[in-house]
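Chain naming follows the written order as A, B, C and D, and within any one chain the residues start at number 1.
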Amino acid sequence: MGLLLPLIIVPVLTVIVIAFTRTQHQTRMTAAIGMGIQLLLSVNLVIQYLLERKTGNKAEMLFRKSWVWFDSLNIKLDIGVDGISVAMILLTGIVVFAGVFASWKVKNLSKEFFISLILLATGVFGFFITIDLFVLFLFYEMAVIPMYLLIGIWGTGPKEYSAMKLTLMLMAGSALILVGILGIYFNSAPDGGALTYNLLEIAKINIPLPAQRMFFPLTFAGFGVLSALFPFHTWSPDGHASAPTAVSMLHAGVLMKLGGYGCLRVAMFLMPQAAHEMAIIFLVPTGISVIYGAFVAVSQKDLKYINAYSSVSHVGLILFALLMLNKTAITGAVLQMVSHGLMTALFFALIGMIYGRTHTRMIDKMGGLLKVMPFLGAAYIIAGFASLGLPGLSGFVAEMNIFVGAFQVSDTFHRVLTILAVSSIVVTAVYVLRVVARLLLGPIEKAEYEMIEDGHWYEKFSTGLLIVAIAGMGMIPLWLTDMIRDSLDPIMTKLASSI
Amino acid sequence: MISNIPALHFLIVGSLMFFIGVYGFLTRKNIIAMLLSAELMINAVAFNFAILNRYVFPVHLEGYFFSLFIIAVAAADAAVAIAIIINIYRNFDTIEVEEVDDMKY
Amino acid sequence: MVSGIIGTLVLGTITVLSYFTAWQYFFTDGKVDGAYRAITGFNHVWLTLTESLHIDLGVLLDPISVMMLLVVSTISLMVHIYSLGYMKGEDGFYRYYAFLSLFTFSMLGLVVATNIFQMYIFWELVGASSYLLIGFYYKKPSAVAASKKAFIVTRFADLGFLIGILILSFFTGTFDFAALTNPSGQVLGSIAGTSFIGLSVLSWSMILIFMGGAGKSAMFPLHIWLPDAMEGPTPVSALIHAATMVVAGVYLVARMFPVYAIWAPESLAIIAFVGAFTSLFAAVIACTQTDIKRILAYSTISQIGYMMLALGVAGYGGEAGSGFTASMFHLTTHAMFKALLFLGAGSIIHAVHSNEMGDMGSLRKYMPVTAITFLIACLSISGIPPFAGFFSKDEILAAAYTSQPIYFWVEWFVAGLTAFYMFRLYFGVFWGKKTEYKHKPKEAPLSMTIPLIVLAIGAAAAGFIPFGDFVSSDGLAHEASFHWNIASLSILIALAGLALAAWLYLRESSRPEKVAAGFKGFYTAAYHKFYFDELYLFITKKIVFELISQPLAWFDRHIVDGFMNLIGRMIYRFAVAVKRFQSGQMQQYAFVFVSGVVVLALIILIWWT
Amino acid sequence: MEQIITYILLALMLIFSVMTVTSGRILRSAVYLLTVLVATAAIYFIMQYQFLAAVQITLYAGGIVVLIIFSILLTHHIEHRMENPVFWKAMISALAALGAVAMIAWVLKDAQSIQNVAGFIPPKMEDIGMALLSYGKQGYVLPFEVISVLLLAAMIGAIAVAKPALLQFKNKNFKQDDQ
C-alpha cells in the first residue's frame, strides 16, 4: 500500500461507509473518524518524509508507486511526494478535519453533505500526490465539481447564482489547463519516443520553446483562475459568501492552493523558459490582486466578502512570489499557501459560527461580541493577527520569505511591485482591525446578542486545532521551510538552466 | 420487351417521384397527407431498387429483396405512424402539423 | 488575583536576573581593554531566507541593551506591583496580566535582539501587545478606536522599517547587528556608494528604518496615536506609552548608531530635525491640554524628541559621541520620572475617577504620598537640580550646543515650556481651586504607593549615575563634562517656567483665561493639536476609504464582475437566439434536413469532380 | 406494345404522384397514392417480378392505403378540404426539391450507360422462399427475422400508442394532478 495510496483510499472508504449510515450522528462520527485517520496519516507522512530525507535519500519524489492505467496513452496512476506536496497534504488534512467539526450541525441532508465534502477532499489529496498530469487533472476536476453541489444545495443567499458562477469560471480555467496539459503531453517527446504525462519524465527534456510560449500562459492562467488571479477573481466573493462554512474553509483554505501548486508544479516546472519570458506579464495582474484585494476588502460590510477579498490579496501574493522565480520567494509562496490555508480556514470557520449565532454577517449590525463569546472572539483576533502577519503566527514567516525573496530581484519594475505588495500589509491591518473593532469590540449592539453562547466543544476543537497549527508554524518554522527549500532544488535547477 | 426501354427513364421517374414526395412532405399541413408523401418516397426508393436490380444484376436478387423489405418496413412504419396520428388527434383535436409543436425549445 | 501575583513574581525574578546580568556585564565580563564589547549570549537560526540571509533569535548584550534590560524590567516590575492595586476587581484581571506579560516578553526580546530582523519581530509583537492593552476596555468605543489607530499608524511606520531592512539586507547580505554596526565594517561600503535620487541608498534605507522608529516613538508626523493611546489603563500608559515601548524608536536608532553616524550622516540630520521639531511641537500642545494623561502623553512625545535630537546631533566616538550618551541617559531618567508621573496620575484617577484637570484641585491634602512623589517627578522632568532630569537634559543641551547651536536654543525654550506645563499640571491638580468631591479622595493602597516611592527615589537620584562610564557610542568610557554656563541657562528658564505656572495656577484666578485669550488663534490651534487628527481622519476616511476603497469595490462589483456576468449573459442571449431554430415545426426541420443533404451532396460532388 | 404500356404507366405514376401532393381533399390524395402504387406494381409485373408485384399490391396498395383511409375517416369529415400551402413555403420547398432533382440529374447523366445485362431469369417462388430462409451466401434469414420482429413490435407499438387507456397510469395522485 505504501504511505500515499491510503490518502486516497481512506476518504473513499469513508464516503462508502457514510453512504450506509442512518442517523446524522452516525454520519458525522464516521466523517470525523475517517478524516481523523486521514490527519494521522498526513502527520505520519510528514514524519516519514523527514526521516527518509534524513537518511540521505535525495530523490526528487519519495514513496514512488506506479500503476498503468491507460497503456495506449501512457496514462499511469503515478504517485510520489516531495516537501511541497507533503506540506500541502498536511494542510489539507488539518483543514478537512477541522471542516468536519465546523459542519457538525449540518441538519439538511447531512449524509449527502459529508459525502460531497469528503469527495472534494479526496480530489485534493489525489491532486497533491500524483505526478501524472492526466491523473492530476482528473483529481483536480474531482475537487472542483462537488463544490457546485455543496454551494448550490447547502449554501445561503443567492446560492444557485454563486454556485453557477464559481463552477463556470473554474471550469473555464480547467479547460485552459486541459489544453495546456495536452499541449505539454504532445510535446513531451520532441526527439521522438513515447509521449508521456509523467511530470518528472517531462522535466528531464526541454519542451520546444514555441510550444512553451503557447502553453505556459494557458496553464498559468488556468490555474490562476482557481487562485483568484485578477481579473478572474470575482467568483471568489460570491462563492464564499454563499458557501456553507466547511466549504468556504476547504475552498479558500485548500482548493485555491491547488492553483498556486499547479502553477508551480506544472506551468513553471515544465516550461521554465516561457516562465522567464512571461513572468513580467503575469506579475502585473498578481501585483494588482495583492493591493486591489486589500483595498476592496477595506470597504466591504459582509464578513465573508471581507475575507474573500482578503483571500484574493493573500493568494495573489502566492502567485506574485512564484513569479519572482527565486528560491526564497517560491519557498515563501509555498509557506503562504499553507499559512493562508490555515488562517483563512480559521476565519471562515469562525464566521460560520458567528453567523450561526447572530444570523447576520453584516459587521455594522454586530458589535461587542467578545463579551459574550470570549473564546471565539479571541480566536478571531488571533486569526486576524495571523492575517496581518504578526510574528509568531504563520503569516509572518510566509510573508517575510516572500518579501525578502522578491526584493532579491533587482530591477526597478520588480522593486516597485515588491514595495507595492509590501505596503499591502498596512491595508491588511486596516481591514482586519476594522472588522475586529466593529464585530468584537465596543458595546453590544443588540439586546438579543446578550444571550449568545460561546463555542460548543466541537467548535472549540475545530478552531483550536487550526490555531495550534498556525502558531506552531509561526513559532517553529524551520522544519517546514527547510523541507520546502530542499524540495525546490529540482525546480530551481530547471529554472536556472533555462536562462 | 422491357429491355427496349433504357434504365434511365425508370430512374428518372423514380427520382422525380421521390422528390415529389419530398415536396409534399414539406408543404402539406395535414399529418396524414405528410404520411402519404412519405409513402411516395418509400415507394420511389423501392422502385429504384427493383429497377437497378433488374437492369444491372439480373441474376441476383439483392435489390429485389431490398424492395421487399422496404415494403415490409413501410408497412410497419405506417402502422406506427397512424397510431401516433390517432393519438395526436385525440390529444390535440387536430392533425395540423403546425399546431403540434409542444416539443419546441 | 492569583494571575497578578504569578505575573509579578515571575517578573520579580526577571528583574533580579536583569540586575545580576547588568552587574556581571558592567563590572566583570563586559569590559575588554577599557571598552565595553558586545557579547552574543546565544544565537540560533530561526528561519532561513536566502543563502546568506537568515533570521536568528538570540541574546545580545552590550551597554545599551543591558541598560534597557534594567529599565524595562524595573519599570515593568513596578507597574506589575502597582496594577495589583490599581486593577483590583476589574473585569478581565487575568487578561490584563497576560497581556502585560506578553508585552514584557516582547520588549525584552526587542532589547536583546542580535539582528535587525529579530528586532522587527519583537517590534511587531510589542505593537500587538500595545494594541491589546490600549483596547483593554474594549467596551469603550473610544478605547477601541484608539487601539486601532495606534496599531495602524505604527504599522504604517513599520512598513518603512521593513522596506528599510529589505534594502539594507539586500545590499549588505546580513541582518546581524554585529556585522552592520562594526565601525570598520566593509559590508556597508558598497551600499553607501550607490546613490538614488540624491542620497545614497544606505541613507534611504536608514531613513526608512528611522521611519519605523519614528512611528513607535511617536515622532512628528506619526505622533497622533500616542495621546489617544491614553485610553488604556493608566499603568499600561506608564509602562508602554511612557517608559519602554515608545523609546524603542530611540533604542533602534541608538542600536544602528554607528551606521547612522559613520555612513549616513544625512539621515542623522533628519533625525535631529524631526526630534527638535517634535519636542517643540508637542510641548506647545501640552501647555493647552486639560486631560492629565494627555498632558503627560504630549510631554512624553516632547521628551522623546529630546532623545532623538541628542542622537541626531551626536557623532561616533569621543567627545562627539556625548549626544549618544546623553540620549541614553535621558532615556533612563525619563523612564523613571515619566513612569512615576503616569503612576501618580493613575493614583489620582483612581481616587477622583476622572481624567480632567477641571475636576481636580487641592488634592495634596488628601493624597500626600502621591503629591510628594509627583512633585519630585515634576522637578525632575523640569530639570531642577539635583533631580535626575537636570543632569540628562543638561547633557543633551550641551551636546546640541557643541554641534548645532540653533537646536540648543530650541531645546532651551522647550525646557522652559516643559517646566511650565508640568507645574501647570502639578498646581492645577494638587493646589488650585478647592473642589468639592462626591467621594472624598483617599490615598492609594500600599501596593500602589510603594512603586511610587521606589520610582521617586529613582527619579531623584538617577542623575548621579556616572552614565558616561557605562554607555557611550564606541564602548569607551566617556566622562561627561559639566557645562556651568549651559546648566545655569537651563535652570534659569526652568525656574521661569515654574514661576509662570505658579503665577497662573497656584491659586484659583482668571489669569489663565486672560493669557489664553491673548494668544487666541494660536491657543485654539494648539488646543486642537494643530488639527492633525482631523487631517489624518481626512486622509484615511475621505481619501483612502471613500476615494480609493469604495470606488475600487464598486469597480470590482460592477466592472470586473459585470464583465464576467456580461459574458454569461451574452452566452445566454445567444442560446435564446439559437433555440428559436428548435421551433417544433416538423416541416421546418425536414426542410433544413433536405436542403442540408442537398448542399452537402453538392459540395461532395463538386469536390469529387 | 409493352413499351407503350410501360410509358403510360410511368406517366401515370408521375401524374398521380403530383396529384397526391397537391390535391385539396385528403381522401382523394389517398386514392391517387393508391393509383401510383398500383401502377408501380404493374411495372413490377412487366419486369417479371411477380412476387414483388403481389407484395406491393397486397401489402402496400391493400394494407397500408386502407389503413390510411381508415385513419382519414377517423379524423376527418368527408367534406373536409385542406387549405392550400402558403405560397412562399411551397416555393421554398419546391426550390429545395428542384435543387435535389438537379443534383440527381447530374448523377443520372452517368446512368445513361446502364445497359440491360443479359441473362435475366425471372425469379421463381421457391428461389425467393429459399433465399429468405437460408443463411449462407445470398441468404436473407437474418433480415427476414429482423423484419418480422419489427413488424411485431410495430404492431404492439401501434396498439399501445393508439389505445392509451390500456397503459394509462392508474394512480390516484396522477389523476388528482390531472384535475
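We take it that a contact is a pair of C-beta atoms (placed from the backbone, for glycine too) under 8 Å apart; a residue touches a chain by one contact, two chains touch by 3 or more.
Everything numeric here is computed off the predicted structure, so don't read it as measured data.
Placing every chain at the mean of its C-alpha atoms, the farthest one from chain D is found to be C. Taking the mean of the C-alpha atoms as each chain's centre, chain B and chain D sit 4 Å apart. With each centre defined as the average position of its C-alpha atoms, the distance from chain A to chain D rounds to 67 Å.
Look at where the CA atoms of chain A average out and do the same for chain B: the two points lie 64 Å apart. If you average the CA atoms of chain C and of chain D, the two centres end up 100 Å from each other.
Along chain D, residues 92-93, 96-97, 100 each make contact with two or more other chains. Each of residues 22, 26-27 in chain B touches at least two other chains. Multi-chain contact residues of chain C, defined as those touching 2 or more other chains: 591, 594. Taken chain by chain, the contacts fit none of the simple shapes, being neither an open path, a ring, a star, nor a full set of pairwise contacts.
Interfaces, counted as pairs of touching chains, are A-C, B-C, B-D, C-D.
Against chain B, in their complex, chain C makes its touches with residues 579, 582-587, 590-591, 594. Of all residues in chain C, those touching chain D in their complex are 591, 594-595, 597-598, 601-602, 605.
Residue ranges of chain B in contact with chain D, taken from their complex: 1-13, 15-17, 19-24, 26-30, 32-33, 35-37, 39-40, 43, 46-47, 50-52, 54-61, 64-65, 67-69, 71-80, 82-87, 89-90, 95. Those residues of chain D whose C-beta lies close enough to touch chain B in the complex are 2-3, 6-7, 10, 13-14, 17-18, 20-22, 26, 29-30, 33, 36-37, 40, 43-44, 46-47, 49, 52, 55-56, 59-60, 63-64, 67-68, 70-72, 74-76, 82-83, 85, 89-90, 92-94, 96-98, 100-101, 104-105, 108, 111-112, 114-121, 123, 127-128, 131-132, 138, 140, 143, 147, 150-151, 153-155, 157-162, 164.
Of all residues in chain B, only 22, 25-27, 34, 97-98, 100-105 touch chain C in the complex they form.
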